[in-house]
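Each of the next two complexes has subunit A plus one more chain, namely subunit B in the first and subunit C in the second.
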Partner chain A sequence: MVEQRPLSKFVAHAILVAGIVIVAFPVYLTLIASTHEPADIVNGTMGLLPGHMGVTHYFDALFSGTKQIKSTPVLQMMGNSLVMALVIAIGKIAISIISAYAVVFFRFPFRMFFFWTIFVTLMLPVEVRIYPTYKVVADLGLLNTYAGLTIPLIASATATLLFRQFFLTIPDELVEAAQIDGAGPMKFFRDIVLPLSLTNIAALFVILFIYGWNQYLWPLLITTDSGMDTIVYGIRRMIVTSDANTDWHIVMATTMLAMLPPVFVVVVMQRLFVKGLVDTEK
Partner chain B sequence: MRKVVFKGTLLPLLLIAPQIVITVVFFYWPASQAVWQSFLIQDAFGTTTEFVWLENYQVLFKDPGYYNAMGVTAVFSIAVAVLSLGLALLLAVMADKQIKGAGFYKTMLMWPYAVAPAIAGVLWLFMFQPSLGVLAQVLRGWGLDWNPLLNGRHAMILVIMAAAWKQISYNFLFFLAGLQSIPKSLIEAAAIDGAGPRRRFWTVIFPLLSPTAFFLLVVNIVYVFFDTFGIIDAVTHGGPAKATETMVYKVFQDGRLGGDLGGSNAQSVILMALVIALTAIQFKYIERRVHY
Partner chain C sequence: MAEVELRAVRKSFGATKVIHGVDIKIADGELVVIVGPSGCGKSTLLRMVAGLETVSEGTIAIDGMPVNDREPKDRDIAMVFQNYALYPHMSVYDNMAYGLRNRGMDKAEIDRRVREAAKTLELAHLLERKPRQLSGGQRQRVAMGRAIVREPKAFLFDEPLSNLDAKLRVQMRVEIKKLQRQLGVTSLYVTHDQVEAMTLADRLIVMNAGVAEQIGTPMELYARPATTFVGGFIGSPAMNFFPARAANGRVELGGGIVLAMSNATAAGEVTVGIRPEHLTLGGADGVSLPIKVELIEHLGAEALVYGHLPGGAALTARIDGETDVALDAQLTLSVEPRHIHLFDKTSGRRVD
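Entry: the complex of A and B
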């Protein structure tokens, strides 16, 4: 045991508390602003304590959105975000787990070629091929659809690699035993591999849900119909440069609502979140 | 490599097909289109297209706007990496001391990971919005003419703060994991040899943490290059006067408003080369870590 100086513990607590305050302050201020009269926000007289308009503002945001710049009701945008996040997370996991299963548990022609085809895409984020990808989606007639919002983001080298890594640790004896018992590949997948992968799937789901919920550039390109706005992108449309026209109280309530689901997932599923974070960065 | 596998060819091909189809349609085809179109020039009406070899690239490297975007990206990445890595390391070292409430501190510091970059931008914009921002008022109270809507340097500082804020939690978690994997016996041995806390940190802990730090540096640079698009678009739109136009934002702007698809695609190709180089560096490093 290394010596502990009392002062050093005190300093550690002080620095950590300061860190938490810096990290939390922007969100606290947003929360406070969402409960104040619009005039108090615009005049800069709202102070640092909560106001009494919270319920009204959140109600307005959810069911009608901003008024001066007409926006989609936030509830609808959250619905779009939820669809997008769920389809991306579940879709990525589904197609990655079956392709990793094929690569690990079978021998077939061009196996390694296919594997490398997937692997190389690890290096190509959407941001480096913005317009050509947009054009493909447009040519397929998928603009302003959920399919266009989600399918192009579903291919994932990371998840495939992760499952491959995990499948390689399943002992050969287990496969042999299953084969002796007469289990075919699909039965082995359903009864053995899938149950064993549950923790990995859950950890990956947490990370991918956040990834899907927080997409910005992709909805910006694919949706022009404001009814398809996701909340993270839609909030951008609510803010205009001449701030007199921005309904800041609604924007602040919307900001809080946009953060709520992913932050909730991280805090509640902390262990899975940390596991997912470490796994996907290997 | 597995010794025991299942028989069959059709089934595995069917299982891998969805992934391959999506990858080809939405990765390889567009990426190859980007390369191909970077050699083309389209006239303003999109009626004729001409193959011009490397002209788009030549134009790009003569364009002061492109050097501006490179400079902005460099300043932005370095500032965000230094700021968020430094703060995260400080917090992780503190949280690693055996103090009460370490778990609580960890929870309270990790959640910003879940906040979208664009939302982080809105949070910071609201605090520093020149007329109504609470902190902007404080700055004005000090006699500083703070206005990120007009002053490029102020805008840059604002997006740097928002981007660094969002990245602290990620860096913190990895630094903390790195610190916790350092054997306590090493630190005890150093303590027995008479090294004080500061000396222990710089001669034992920090060198052992350097692989983590290097890994995080690459991740942070990739983050600033690509994921900060939302922050820039929500807070500054690349302005004022292109003072915060990063390379990715310029790809977006040139292709959309300018309609210069050839030039935009040439920029995409350069970015692709950059990402591939960064990923290669990272893989080389990971290989080392495995043998480490």
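Entry: the complex of A and C
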């Protein structure tokens, strides 16, 4: 236990503050840089206080992107990322909750075989099976489409596993009570399993949304049309190494914008998530 | 409301037989309690009636109709579970209304039934609460309410009181009994608590290792237990058992004690059963039991005296609480011949 002494309190707080500064400073620097003249950023004469170009830079980034080499407007990239993150998160949750429901509540032949098959895919991350997956997506003509961007990433053993563990904690008596109350499999799922899983769904949504939003390798392979750029991959495209100067001010603004949706999701979902945890039964 | 009939009902899980044939006809409005130690198959039997377990052999009929192949929801029964099994995310109202909504009942009728049940169970002010905001006793009442609103042919209770504290258990026991009388619904009630069983039951089924040892009214079981198991299970403190030899209306307990039972026809090796409350202080001709007092438990109105017979058999006697008995004293106890039970030594069955 922590002793209630001024000195230990001070030390503990000092360590925490130092940690926060280390984590937050680069983010702060990015924010500051996005409001300064490009020349100031490159020359290193930029201070630690905000400049006066903020509104212009963010406006430029959102609606036209970088100018030295033409990039997709950030708004469009954010749209692409949003579609990708949402489809992946919702798709993963939908598929895994249904498969976990089947594995836990139904007795069918080879039930455990299917469960283990799902489980084994945990051992094969996207990077390992990237070539065959790419081949399949390419053969299906899904390159440069939202479908190609999202569908291969939807299948999820992790989420299935989490839902399975949660479903196993639902007491048998509750299932039986529902059976006697005349709730068939569909009704039981909709009226009881789904509402009880709400907090788990919220938590998974946060994790999976960020997972989808941060995808880099897969969009890099699957999209060649810059109109399909996601924001994380798009930032990389804005940074040029030769032939032209990088519009660092736009890059900085874009970086800040790229962080907003995940932060927003965490903040909004966390409320629901914490409420669920506090309200939870037993 | 209806009769529930079990005909030669058996259950096996794979090769393991857990219920070896139970027959009983539960009359309309009757409350039958299945009592037995854990693992005796009492819950399995109840779950078979509910349709939550399949019936391996035999027939279960509700209202004259065999229901072996019917789904639980089509059997028109309602069940109260040990852990209440309330839907945690639904309000008390919705918990009670859920089963009715699934049956497509008219909204106004659902509302009427739920409010009426809530009034009967004194839950009216709690209808909007979630189960987690209720106490154990209130949850138990909601579980009862969920059963009542269905107006089913039969109630099935699976140890509904075992999660409550002792005081509340007694209180709820009385409430359940009153409610069952008032509604007149045929009920099957499972418990491991013999006091609960005795107080609630119109008739009792005492189960042991998958066999219905005896079926009868509580007083029948108390007065004439069919086996040593029933004798030991019904009544508290438990019946005293002594090995003995019977011949010619005399029962020899060993250590020189002989009980005269002029109307007993049993002969050979027997087990004698005597209830602690039927032992009285003071000797009487032919039925005296001398013991040395080893331990006394004062319970207020009564006292339990523990000791051993000269032959070495342990004995418990229940005597008046105000009687002054010293530790290590020699006592002579007597028992009326009509309170002596004789059982076959090997089969444990009653012999008269």
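The rule is short, and it goes like this: the second predicted complex is superposed on the first by the 257 of 282 C-alpha atoms of A that agree within 3 Å, B and C clash if a C-alpha of one lies under 4 Å from a C-alpha of the other, contacts with A are read in each partner's own complex, and residues count from 1 in each chain.
Just so it is clear, a residue touches a chain if its C-beta (ideal position, glycine included) is under 8 Å from a C-beta of that chain, and two chains touch if they have at least 3 such contacts.
The shown structure was predicted, so the numbers you read here are calculated from the model rather than taken from an experiment.
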Room on subunit A for both subunit B and subunit C (clash or fit): fit
First, second, both or neither for A:197, with subunit B first and subunit C second: neither
Which superposed partner A:182 touches (first subunit B, second subunit C, both, neither): second
Superposition-derived comparison: subunit B or subunit C, residues of subunit A touched: B
Partner chain in contact with A:27 - subunit B first, subunit C second, else both or neither: first
First, second, both or neither for A:160, with subunit B first and subunit C second: first
Partner chain in contact with A:214 - subunit B first, subunit C second, else both or neither: first
Partner chain(s) touched by A:80 [first = subunit B, second = subunit C, both, neither]: neither
Touched partner set for A:71, first subunit B, second subunit C, both or neither: neither
Nearest Cα pair across subunit B and subunit C, whole Å: 7
Doubly contacted subunit A residues - partners subunit C and subunit B: 176, 179, 281-282
Interface residues, subunit A side, partner subunit C - complex: 171, 173-174, 176-183, 187, 191-192, 195-196, 279, 281-282
Touching residues on subunit A, where the partner in the complex is subunit B: 1-5, 8-9, 11-13, 15-16, 19-20, 22-27, 29-30, 33, 41-44, 46, 48, 95-96, 98-99, 101-109, 111, 114, 117-118, 121-125, 127-133, 135-136, 151-152, 154-155, 160, 168, 172, 175-176, 179, 184-186, 188, 210, 213-214, 216-217, 220, 232-233, 235-236, 239, 241, 243, 248, 251-252, 255, 258-259, 262-263, 265-267, 270, 273-274, 277-278, 281-282
Residue ranges of subunit B touching subunit A (in the complex, touch as defined): 2-6, 8-9, 11-13, 15-16, 18-20, 22-31, 33-34, 37, 87, 90-91, 94-95, 97-99, 101, 105, 107-120, 122-127, 129, 131-134, 137, 149, 165, 168-170, 173-174, 177, 184, 187-188, 191, 197, 200, 215, 219, 225-226, 229-230, 233-234, 248, 251-252, 255, 261, 264-265, 268, 271-272, 275-276, 279, 286
List of subunit C residues in touch with subunit A within their complex: 50, 52, 71-73, 77-79, 81-83, 85-89, 98-99, 102-103, 131-132, 146
